[in-house]
Amino acid sequence: MARMTMIQAIRSAMENTMERDDNVVVFGEDVGFFGGVFRCTQGLQEKFGPQRCFDSPINESGIIGAAVGMATYGMRPCVEIQFADYVYPGYDQIASEASRIRYRSNNDFTVPMVVRMPTGGGIFGGQTHSQSPEALFAHISGIKTVIPSNPYDAKGLLIAAIEDDDPVMFLEPKRLYNGPFDGHHERPVTPWSKHELGEVSDEHYTVPLGKAAIRREGAEVTILAYGTMVYVAEAATQETGIDAEIIDLRTILPLDLETIEASVAKTGRCVIVHEATKTCGFGAELMAVVMEACFYHLQAPVIRVTGYDTPYPHAHEWEYFPGPKRVGDALKKVMEAA
Amino acid sequence: MSPDKPASGDKALSLYVPEPEFRPGDTPDFSDAPIPKAGAAPRPEIDVEASDIRDLAYTIIRVMNRDGKAVGPWAGLLSDDQIKVGLEDMLRVRAFDARMLMAQRQGKTSFYMQALGEEAIACAFQKTLQPGDMNFPTYRQQGLLLSTDYPVVDMMNQIYSNAADPLMGRQLPIMYSSKENGFFTISGNLATQFIQGVGWAMASAIKGDTKIAASWIGDGSTAESDFHSALVFASTYRAPVVLNIVNNQWAISTFQGIARGKAATFASRGLGFGIPALRVDGNDYLAVYAVSKWAVDRARAGHGPTLIEHVTYRVGGHSTSDDPSAYRPKEESDAWPLGDPVERLKNHLIAKGVWTQAQHVQARERIEIEIAEAQKLAEKNGTLHDGPHSTPASMFDDVYKEMPLHLRRQRQEAGI
Amino acid sequence: MARMTMIQAIRSAMENTMERDDNVVVFGEDVGFFGGVFRCTQGLQEKFGPQRCFDSPINESGIIGAAVGMATYGMRPCVEIQFADYVYPGYDQIASEASRIRYRSNNDFTVPMVVRMPTGGGIFGGQTHSQSPEALFAHISGIKTVIPSNPYDAKGLLIAAIEDDDPVMFLEPKRLYNGPFDGHHERPVTPWSKHELGEVSDEHYTVPLGKAAIRREGAEVTILAYGTMVYVAEAATQETGIDAEIIDLRTILPLDLETIEASVAKTGRCVIVHEATKTCGFGAELMAVVMEACFYHLQAPVIRVTGYDTPYPHAHEWEYFPGPKRVGDALKKVMEAA
Amino acid sequence: MSPDKPASGDKALSLYVPEPEFRPGDTPDFSDAPIPKAGAAPRPEIDVEASDIRDLAYTIIRVMNRDGKAVGPWAGLLSDDQIKVGLEDMLRVRAFDARMLMAQRQGKTSFYMQALGEEAIACAFQKTLQPGDMNFPTYRQQGLLLSTDYPVVDMMNQIYSNAADPLMGRQLPIMYSSKENGFFTISGNLATQFIQGVGWAMASAIKGDTKIAASWIGDGSTAESDFHSALVFASTYRAPVVLNIVNNQWAISTFQGIARGKAATFASRGLGFGIPALRVDGNDYLAVYAVSKWAVDRARAGHGPTLIEHVTYRVGGHSTSDDPSAYRPKEESDAWPLGDPVERLKNHLIAKGVWTQAQHVQARERIEIEIAEAQKLAEKNGTLHDGPHSTPASMFDDVYKEMPLHLRRQRQEAGI
């Protein structure tokens, strides 16, 4: 056991799977010799050689398309898209190909592939280093979408994703790479070494896809969150003193419907939080799930706290970012209602 | 900003929009089309550098001359028996196409696409592969499957989306899949398979395997971005892949000039990546075989990718949804100077004295009967509009390896 | 005034705007000499010449990227993507470029561009000629998304879209091109010449973007629909005898929130219908909108009737398609509830 | 399936992964790099066909020789005064970069990217344009703006995201936009602008205008699909556009071999589209000017697109987030044989006898003071972390021309 940052945990997941299965290969822009712009693949080329971990041309459709081909051969490619904001040129290979090959070929070909990508804001990255495109994946049938919130989960989920026989989009909240971030940008950052979920085994283990984690049990209101927003939710809960149950979804597709439904049935109130823009974001689906399954339990309208429906602005990062103040206000509002 | 040239003196620009030479009503005349002589192109070693054979990207490699003789350095690779098999493969594709086109017209399915006039390309190429190699085809390479032992009746079952459809009625007709027979599941999205084939080939190389991949694309689809992705990746990693462009001169109603601006050749795009590029007479079974074999051997020997442009002509409509007389002269395919691949190979065998017109008619009839019988068998399993089909509940299967809860709920709600 | 099919109405919109403004140009795959695979641009090249209406290479990113460039020059390109299923290779140019150029340049450059695309199922087109990707547009800030349901609207909305100064995705339900289709595939199709909304002026007129139409007033339940589903909703209403108010959204972004909210406040019940897959489809956003604004009016949980979360199957088209039976069942259920 | 070759005899494949020649610790040595002599490349007419000048895609067009003399058919286009302006433009870019790099290190902004060693390219190119022409730049063409009259202080305001930022703090530093000065709004997404420039040029042609466009891309980004889209559209419609590749040999940590597989040249990609392609010494201001002028004149005269590969070297880090010593030898930039563009142009003027070292130092100091003063002015308007900024409410503006209801509600909820 060791304390790891999320970067180290992700690297450890790749290292473990590459050791166990020589079908696992890693490639992407700058991931080879250099080890990736966030250093998640550092040392892998040295350890496994350039045929197992290598730099790719700057072509996201090529990266994902080549990975699809490799996966149908029988390998398990785990590729990196340098920022989630740059996945769109490869979107066709995800939405039209990876997602449908098993179905359309009736299991003749399958695509056990992972596409890793740093996601989310909070680093003054401006419009094109801050996006959260998870809803664009969740709408596509045939792929899974995972968003870890801590080193322990990141490693276990990534191993599960690499070993999964279906394509998995693996979104890494880059603001969490080095420590939990609760939106209080004015305060110093706590490193993962100070957090119990920074405790990560060097060994192989998995965290199952499709299972949410209850980060805090509570009776008054359910907060549905993932990634960075889990810590914002924790901060808001603490600051308002409201007894919220905080659910870290971890996998948004398949979604852990049962955990969500049980919690909202219990609390009767719900706040949904994500960084992505509001309209048609994943929060909309969560709203719908709660409406469909928990309507008769609801004591107040569910509230979404999200990024606004604008491009991610540079200077006004902290006005844009859904921080503890906005989440706290939503908690208060949902408690006051009805 | 320019220190020396005033803006005022410039003449007005204007947009150039390429137009095909002939439209309905015109009399097509290809007498100017540069058709090199059979046997003229040299045959390099398979480990040649692209830069040493640039000319092969601008010519047309041909083997059969006007008299049906096989000539030049690319000739002589196949035995008479092998050539006869090739001829029968092409006849099978043609008979299959005719039947299925008719079945679609009769309302037995929704859609069909024939390969009329292009049969030599897929049929000859397939013969250069080994078991385990993988094609990443487009919708016009039925010849790849039809020259293996894949059951014709299963292809028809797929076309009918019937109860025996190996793809459970999930795919549009003709979107076959057969891993076993080296035929990757066809996509309705153009060009995506071109880079996937490169990825598959990279995997084979990473694993120290001996298998190679072949990617396929149409002339119009070379404009798609995944054509570029494929060239970039194939050249960077020297992937063991053959990149095939089938230039049948049309993309639905759009002539090849819209994809290549009336300049250069499709093959020559390979040169900018250091990929050897060869242009071949796609209606010459022997030339296609020879050039493809060269490229397959090259890939398998570890020398990397080859780009082949197969020059042919799409004689039929784009699909059953298309009527080409709206945009090109009916006579164009007859005027096109490279002739019919079946006729040409037949004439070659006859010229050699190993085949007769009577044998040919016999073979064709035998194959037509085979196909007709397969069709009867297939129709016993159902047709699209009359059924039976796979069970509706199977619609929910295989989206994932294991069905997630939300899909289980949806299936339940559907009550099927 | 004349009776027009939706194809003729769309063509008429382009013709009118091309006549009035030589900045309007039309291009796309097969749209020039041939006039488009659905014939929507037939005759435009003949009338306006090949510089105003022309065939493009088969490259959706190129089509949209070139259109973005033209729009920033000052033209008003109206391009066709042959099927909505093929828009993904051009998605980056939409989501990263067209949508953000006004914002990021602070109005220095703008993108008055329309991307037309036939959408939806019901024609035995299989997985790649049947998709409804509207949610993938609705999630992107900076673009508008329009889905007409009849010839009159199609023309007026398309003219409004071409004249709009922001990028517009214009999704044409191909199953409606030749007549209203209510999902009763076993019955003969009614042509537009028999429908009052097939009455279309040859002249220039607009239907404003962002305004829904109430197709049927009703007191018991609100049906939110667009495109083909409007007729399915009408059939289901008639067949169940339930007094539904049918709202044809017409523009899904900007959404006519006021019309939706007023209707659901009045009826207290709501059914949402679309062809697209369910999870994270636009119905999820509609759910959220109703939850946020009408919670206290709701007498029953809102129900979504949608395509299932699978690729669009070929043989089982009619089991997949959300037809009048499924919508009728939802209406009955929402009426029975509470 | 192969009739004649058993699978068993084949040797195992293996993936080729290109590696740069030198890594940290190695001593870079470019003595083998083929650097053609200045003045050696011919200068064709501007209406030449691509196929007639293929060689220009494989050489390096150079004007200044080792002695600083301008020689050959591409020489002699600029007056001494124009050359001095060019030198000052480059000095301005260098001084600007130095200041802004420092400002970022001091925490006054989040990010910066310099063009160290590549200044000649953008600066010389800009001088070939006319008012109204439009550049579609990448993030490394600040020289395009800095050699027009665009206010330096506004560039700094943008970098600081301050209250006077013309882009309202919405964009990452250095993502300028100036329609007025022919500088298209920069995108963080690579290559998208390359095809947009082609579309803009097509629009100019459709409208019968006289304006031309110039698209820009880096060596690494030529791998992106929109590079291909641009070539396809430019060649098909003969768009009046200059397609510039800045080959500075690195893409973050990735050497150019990953984008071109160590074969051919980036320029030669144009030839497969029938687009004339020229490779030029990007550190030679006079050569860049001459080749660019040729391409701009060609476009404006209606002869269509040109692809230019500017060969240079990225001397600095990729951005302030990058430390190149992790992946290449520190000495590599010094070893690279094409030298420093500022030094070379200075030596040319001195060799001509129209400039002295003292004048040079004076000019540099004057420009450094100019830049320092602009910086002071800009900082009065605020810096990223200390503000002031545009008003937060402006975050909701200009998503659309008119703010839709949902955004009005969100702004209201935000209470800002």
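Per-chain numbering from 1; labels A, B, C and D assigned in written order.
To be clear about the criterion, a residue touches a chain if its C-beta (ideal position, glycine included) is under 8 Å from a C-beta of that chain, and two chains touch if they have at least 3 such contacts.
Since the model is a prediction, treat every value here as computed from it, not as a measurement.
Among the other chains, the CA centroid farthest from that of chain A is the one of B. The geometric centre of chain C is 41 Å away from that of chain D, both derived from CA atoms.
Distance from the chain A centre to the chain C centre is 31 Å, each centre being the mean of its Cα atoms.
The distance from the centre of chain B to the centre of chain C, each centre being the mean of the chain's C-alpha atoms, comes to 35 Å. Looking at chain B, one finds that residues 14-15, 17, 168, 170-171, 175, 187-189, 202, 204-206, 223, 225-226, 228-229, 232, 236, 258-259, 399, 406 touch two or more other chains.
Shared interface positions of chain A, defined as residues touching 2 or more other chains, are 51, 56-57, 59, 61-62, 85, 88-89, 92, 96, 103-104, 127-128, 141-142, 253, 255, 279, 309-311.
Because contacts link each chain to all the remaining chains, their graph is best described as complete. The residues of chain B lying in touch with chain D in their complex are 1-3, 5, 7, 10-18, 49-51, 78-79, 82, 126-133, 148, 182, 202, 204-206, 208-212, 223, 225-229, 232, 235-240, 257-265, 268-275, 297, 300-302, 304. On chain C, the positions that touch chain A within their shared complex are 61, 85, 88-89, 91-92, 95-96, 99-100, 103-104, 127-128, 135-136, 138-142, 253, 255, 276-277, 279-285, 287-288, 290-292, 295-296, 298, 300-304, 309-311, 338.
Looking at the complex, you find that chain A touches chain B at residues 22-23, 25, 51-52, 56-57, 59, 61-62, 65-70, 72-75, 77, 89, 92-93, 96-97, 101-110, 141-142, 144, 164-166, 210, 253-255, 257-258.
Residue ranges of chain A in contact with chain D, taken from their complex: 29-30, 32-34, 37, 50-51, 54-62, 85-86, 88-89, 124-129, 278-279, 308-311, 313-316, 319-320.
Residues 134, 136, 166-168, 170-171, 175, 177-179, 184-185, 187-189, 192, 195-207, 213, 225-226, 228-230, 232-233, 236, 398-401, 404-406, 409 of chain B touch chain A in their complex.
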